[in-house]
Amino acid sequence: MILQHSTWSEIEAYLGRSRGVMIPIGSTEQHGPNGPIGTDAICAEAVARSAAADADILVGPTLAVTTAQFNLRFPGTISLRSTTLMAVVTDYVRSLAAQGFARFYFLNGHGANIAPLLAAFHDLHGEHAATAPHGLRCRLRSWWEYPDANALRQSLYGEWEGIHATPSEIAIAHHAVPATQRPAPTARPEKLTAASLREMGGDRHFDADHHRARFPDGRIGSDPALVGPTDGARLLAAAAAGARADYAAFLAEA
Amino acid sequence: MILQHSTWSEIEAYLGRSRGVMIPIGSTEQHGPNGPIGTDAICAEAVARSAAADADILVGPTLAVTTAQFNLRFPGTISLRSTTLMAVVTDYVRSLAAQGFARFYFLNGHGANIAPLLAAFHDLHGEHAATAPHGLRCRLRSWWEYPDANALRQSLYGEWEGIHATPSEIAIAHHAVPATQRPAPTARPEKLTAASLREMGGDRHFDADHHRARFPDGRIGSDPALVGPTDGARLLAAAAAGARADYAAFLAEA
Amino acid sequence: MILQHSTWSEIEAYLGRSRGVMIPIGSTEQHGPNGPIGTDAICAEAVARSAAADADILVGPTLAVTTAQFNLRFPGTISLRSTTLMAVVTDYVRSLAAQGFARFYFLNGHGANIAPLLAAFHDLHGEHAATAPHGLRCRLRSWWEYPDANALRQSLYGEWEGIHATPSEIAIAHHAVPATQRPAPTARPEKLTAASLREMGGDRHFDADHHRARFPDGRIGSDPALVGPTDGARLLAAAAAGARADYAAFLAEA
Amino acid sequence: MILQHSTWSEIEAYLGRSRGVMIPIGSTEQHGPNGPIGTDAICAEAVARSAAADADILVGPTLAVTTAQFNLRFPGTISLRSTTLMAVVTDYVRSLAAQGFARFYFLNGHGANIAPLLAAFHDLHGEHAATAPHGLRCRLRSWWEYPDANALRQSLYGEWEGIHATPSEIAIAHHAVPATQRPAPTARPEKLTAASLREMGGDRHFDADHHRARFPDGRIGSDPALVGPTDGARLLAAAAAGARADYAAFLAEA
Amino acid sequence: MILQHSTWSEIEAYLGRSRGVMIPIGSTEQHGPNGPIGTDAICAEAVARSAAADADILVGPTLAVTTAQFNLRFPGTISLRSTTLMAVVTDYVRSLAAQGFARFYFLNGHGANIAPLLAAFHDLHGEHAATAPHGLRCRLRSWWEYPDANALRQSLYGEWEGIHATPSEIAIAHHAVPATQRPAPTARPEKLTAASLREMGGDRHFDADHHRARFPDGRIGSDPALVGPTDGARLLAAAAAGARADYAAFLAEA
Amino acid sequence: MILQHSTWSEIEAYLGRSRGVMIPIGSTEQHGPNGPIGTDAICAEAVARSAAADADILVGPTLAVTTAQFNLRFPGTISLRSTTLMAVVTDYVRSLAAQGFARFYFLNGHGANIAPLLAAFHDLHGEHAATAPHGLRCRLRSWWEYPDANALRQSLYGEWEGIHATPSEIAIAHHAVPATQRPAPTARPEKLTAASLREMGGDRHFDADHHRARFPDGRIGSDPALVGPTDGARLLAAAAAGARADYAAFLAEA
């Protein structure tokens, strides 16, 4: 059930059945030579809508423009300051919490969203939970955290999954929005060590000049040429199943 | 050309041809008994993408969650504070202006966006134009302002166009996203005077409790039952043509 | 009744009779070769005080410094960022709303105030109306919107009214504060098309460098040399009558 | 020379002679049984304009609405949050500093303005002085600090000067704006100790409920009944002479 | 009793005995040739802890990084914007006020803290006192204000106490943290007039470039070479006694 | 080398040798029945100072009051909003970056600091790196991440390390500040599953009411009774060695 495709009375009825909502969040940033700039938002939205396809789960509007300052030297990247994104998340959650929603599950497609979202959750829990009619609890989960999806991407791409413009996310994006399909580059990027990749976990990058100089075509240790024709569908299915289960567990928590 | 479906090198190439970008902006708020909550964003995005279909116009990610506090008592409505929306617009524009974009054309589908966007433009022009490599200029235009689109909606619905959950916007939304189609209510809402409608121009409403009490099913003087089967396509075509021409004029200004 | 000239116990007594207040808002910006920098604030204050002269209307302190970044290259112009003006309006209204005031009527003299004030009203209605003891409702009206005042200025100056440093506003300012009288320039400015003037409605200007280059003496399509000796008094009377009636209607709204 | 009564070209010419500006700042708050709510702004403006009457001193628009939360339980009081006032002062100074003004002398009439203004000066000096074409320096002085004015009020009212709704400020306000004249109350307020008055220096008060309970008619240790018919003129003259001299010294500092 | 050295249940028990807390606040800025950068925080913390040593007074964590933009050209200085420090103070007080604390006594060691703290108190009293379970009242006192401490430093150093990197504060810092001891410079700084020192009261300085040029080794009219071996202990004892008494009086106020 | 114990000229000299600084960051929040409220700050400061003891590393003032809203129902906890902490970190870094510092290594003792710090780093890298004379790069590392320290705590406490009021952090705090030593509780808290602990990684908790109800004495799966007499010294040494090595690697990065 897609919030923005529904009428208000349909949402009113849904609130009688559930107080939860799933919110896709991505980014608008370069994704290497053949990945669309909207990869992260496309993936998060596709996973959430797939998860909701056969379940009574409400999916809210996707937050597609988020924090990605380190990619601003690649044209087309759009970045919010952390404080701006936090204000957006705050207002989004407060709006629905005042109507009776109480469980906010952010389905994430972009590592650099994790920090500002958790920071925003801190303030939402601290400032607004007490006055929301049914309280409020926020959680963020990235689609690659679901065990089956994670195992699948590792098995498909191994050490060439990398951490940005990864074959797995490009596979899903190309599958979900065929208009974004572009041929993969033939050359592999620099091979990165596991330690180096770990260091950048959660997109812990420095400034945009440094970033473009360091990763000239935008990929970070990834080889999207490894994507096979059915990978997108398989990864999407695995992630959607993981999301559905994890969301259900979140709603069931005491 | 859709920014989020493109690669960064495609945007880099576009910047060699044009410094302009068209940005759809809508809302996430109730649209009466049979209009989808995402009507305004669906319309703005459809108009922008139609305008860009046969032209070398870049369309950025749609801003779908904006200011609509007066509708918050209708479940599903999500509203940003004005200050939050202004921060979003500021960061969006600054990101692209630093890359060389210089003309920002917001194609609007929601009256209540006009005030915060012009307020944000004031600060963007005052604080950031001087440091952008090619300067920056922002403009907002609502799709119903284009003369042909405006004439068509008046001719189709006359006094029952109203100002919210209007037949014209629901026609476009149902046409652009068929999954949103719902049957129109059979009863008309209260008939409003022209003076009363004018007073609310730009969505100059009071608080959300007052608003729901005043407009119990969400419509403001509109009768979506008047929508005929081809209206959506005709209105969309008229608005898209208007947008294309007005955008070209904006880029050509000295 | 002028708030700042009254004692607190007089205001306490007034609150027993009325919950409304009229608040003049202008600007501090260049007004061409012979208009005082304070024109907009002088006009708004004069209209409000005239409207209140024979009525039980409370007039609050004038907001004289507002948003006018586009005129900052003309010395003497002082501009608040939109966000600053919005904070001022918010605090002003909240202070009085907590005391029992509930109807806030901003009498405006500056087109560029409209956007930030409506943006501030959005947040006031959304964040503070529910906790004000008698609720709160805000409205903004520019003195030239009152039908009789508008008709008069059109009949007096026609196509040379222009949209900035207009003969009508300079007539009122020179009448209300004789110390501001200066001889009009003999040369007319560039003649502007109606479309061009409409485009700039609400002071939708770009940055200050562009603005001064485009309008070198500060006038926008206006010819203040047309002002006759009694125009100021007549325009003021017409606007004040309009304000008094419109304010009464605002207070009477359900 | 009054900024808002001048044309922009007059200010441009002034900038060729001086980089200084004097800015009156007061408050909008209760001033006891017979003092106008605008007392502080009336006094500051009167002193500044008197100081400038025979000198080439530019006087900017008066900041009349400032910080006075402790008086909000007295109807008619309007208070900005400290952060709002600081933003106003910041924008005011930045606007003029970008035009070449460099010395900003705030002539103050309200003790509670001192803290937020000095806090704003800190940030102005830290964030903006380096980019202003001629630098920027801010100073605040309260009119009662000038030695002759201070000596005169002490000699006239002694221990009954108090610290709020003082006879001296009411004398000036009644003199400067005769429409504000009201008879003094016949009863004296509670006599306060010097230590107690000192404790409240700079309007270091607690919350508004406490304040109204503690000072039921709004006076703090003051007896406005002591005002003689020529006091206002004498105090104003003394303060204006002090302001003129101190302003000249400020401009002359290395 | 030191808050951060206690367990939460000890604080819970304390709240049964007292609603007051003493909060040291200093700075991190240059203190001349032989004063440690942390002088102000060291002094404030030492005075507060000494005051609490034999009394049931809770001392909260020291605010060591505050506002000192004028010293930023001296390496090692760290300055918060006024607005940042005000947010810190606001959150600190609100956290404890929600738990039942109601009297917040800031023991200050840095003149430039006075303005932002009073500005923050204004907003705390205005926005938060009404919702705190036992209300809230804030006070700031600088250790040199206590009469005996003030008399002692005057008697010890007279005209060479100066107003920054003073012998008295360096004496206390060197005594409280012996690792900070450095030999005093042999040369005296420029002798400043009393009027000049008074002008800078509360650290009313201009920008950092001006400040370093004006005071090249960081001292302002002070001669730390006058410090005798027992001065630190004597000054600390005097200030601590003053703090204990003044804090008790604050808690006893109606 | 401790910044606040040094003189400004010592820091100036240090800048000739290194552009790096290590900044301890902790929290002020309950740490169970026998842990001091300042545990996290004590640990972070102790590790940083130990790391710097035999090396030419500058240690800045500790940030002891941070984000911990979930513990506010335990008296003595003090929490900043995320946005406040981010402003503090921003100003701290900007102050030193303007002086030539370029590598900022935050040594962390509190899981809930990770999100707001990374969010602040995003904006620092995006807004301020380009104007800092030597650029700026920020990194955060928690002391328990260093491999040897992590292995040691696992070997000492295994499944009873838990994630809050852990034996390892209490061991270090009790060792570093003997005045904080309190006997451990005899009863173990509820045993938590690994999955449950992982879910709360980074202190991803909900609101404070829920948190106190869920963890009534403040411990989360930890048993501080396991602490042996030499554990604190051993853990501190391991963490300090890890910090020294990791900091050196950070400074050496291209």
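In order of appearance the chains are A, B, C, D, E and F, and numbering begins at 1 in each one.
Keep this in mind: a residue touches a chain if its C-beta (ideal position, glycine included) is under 8 Å from a C-beta of that chain, and two chains touch if they have at least 3 such contacts.
Because the structure is predicted, anything quoted here is derived from the model rather than measured.
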Among all the other chains, which ones are in touch with both subunit B and subunit E? none
Counting a repeat as over half of the contact pairs in common, which of A-F, A-B or B-C repeats C-D? A-B
When the CA atoms of subunit E are placed over those of subunit F, what is the turn angle between 0 and 180 degrees, to the nearest 5? 180
How would you label the subunit B and subunit C contact, same or different, if same means the shared numbers make up over half of all numbers there? same
How big is the gap, in whole Å, between where the Cα atoms of subunit A centre and where those of subunit C centre? 47
Measuring from the mean C-alpha position of subunit C to the mean C-alpha position of subunit F, what distance in angstrom results? 54
Centroid from C-alpha atoms only, then distance subunit D to subunit E, rounded to Å. What do you get? 29
By residue number and range, which residues of subunit C touch two or more other chains? 72, 79, 81, 83
Draw the chains as points, connect those that touch, then say whether the picture is a line, ring, star, complete or other. ring
Under the touch definition up top, go round the ring from subunit D by way of subunit E and list the chains. D, E, F, A, B, C
If we count contacts the way the header does, which residues on subunit E are in touch with subunit F in the complex? 2-12, 14-15, 28, 30-38, 41-42, 60-65, 72-81, 83-84, 87-88, 90-92, 95-96, 98-100, 177, 179-180, 182, 218
List the residues on subunit F that touch subunit A in their complex, please. 67, 69-70, 72, 79, 81-83, 86, 112, 114-123, 125-127, 129-130, 135-137, 139, 202, 204-210
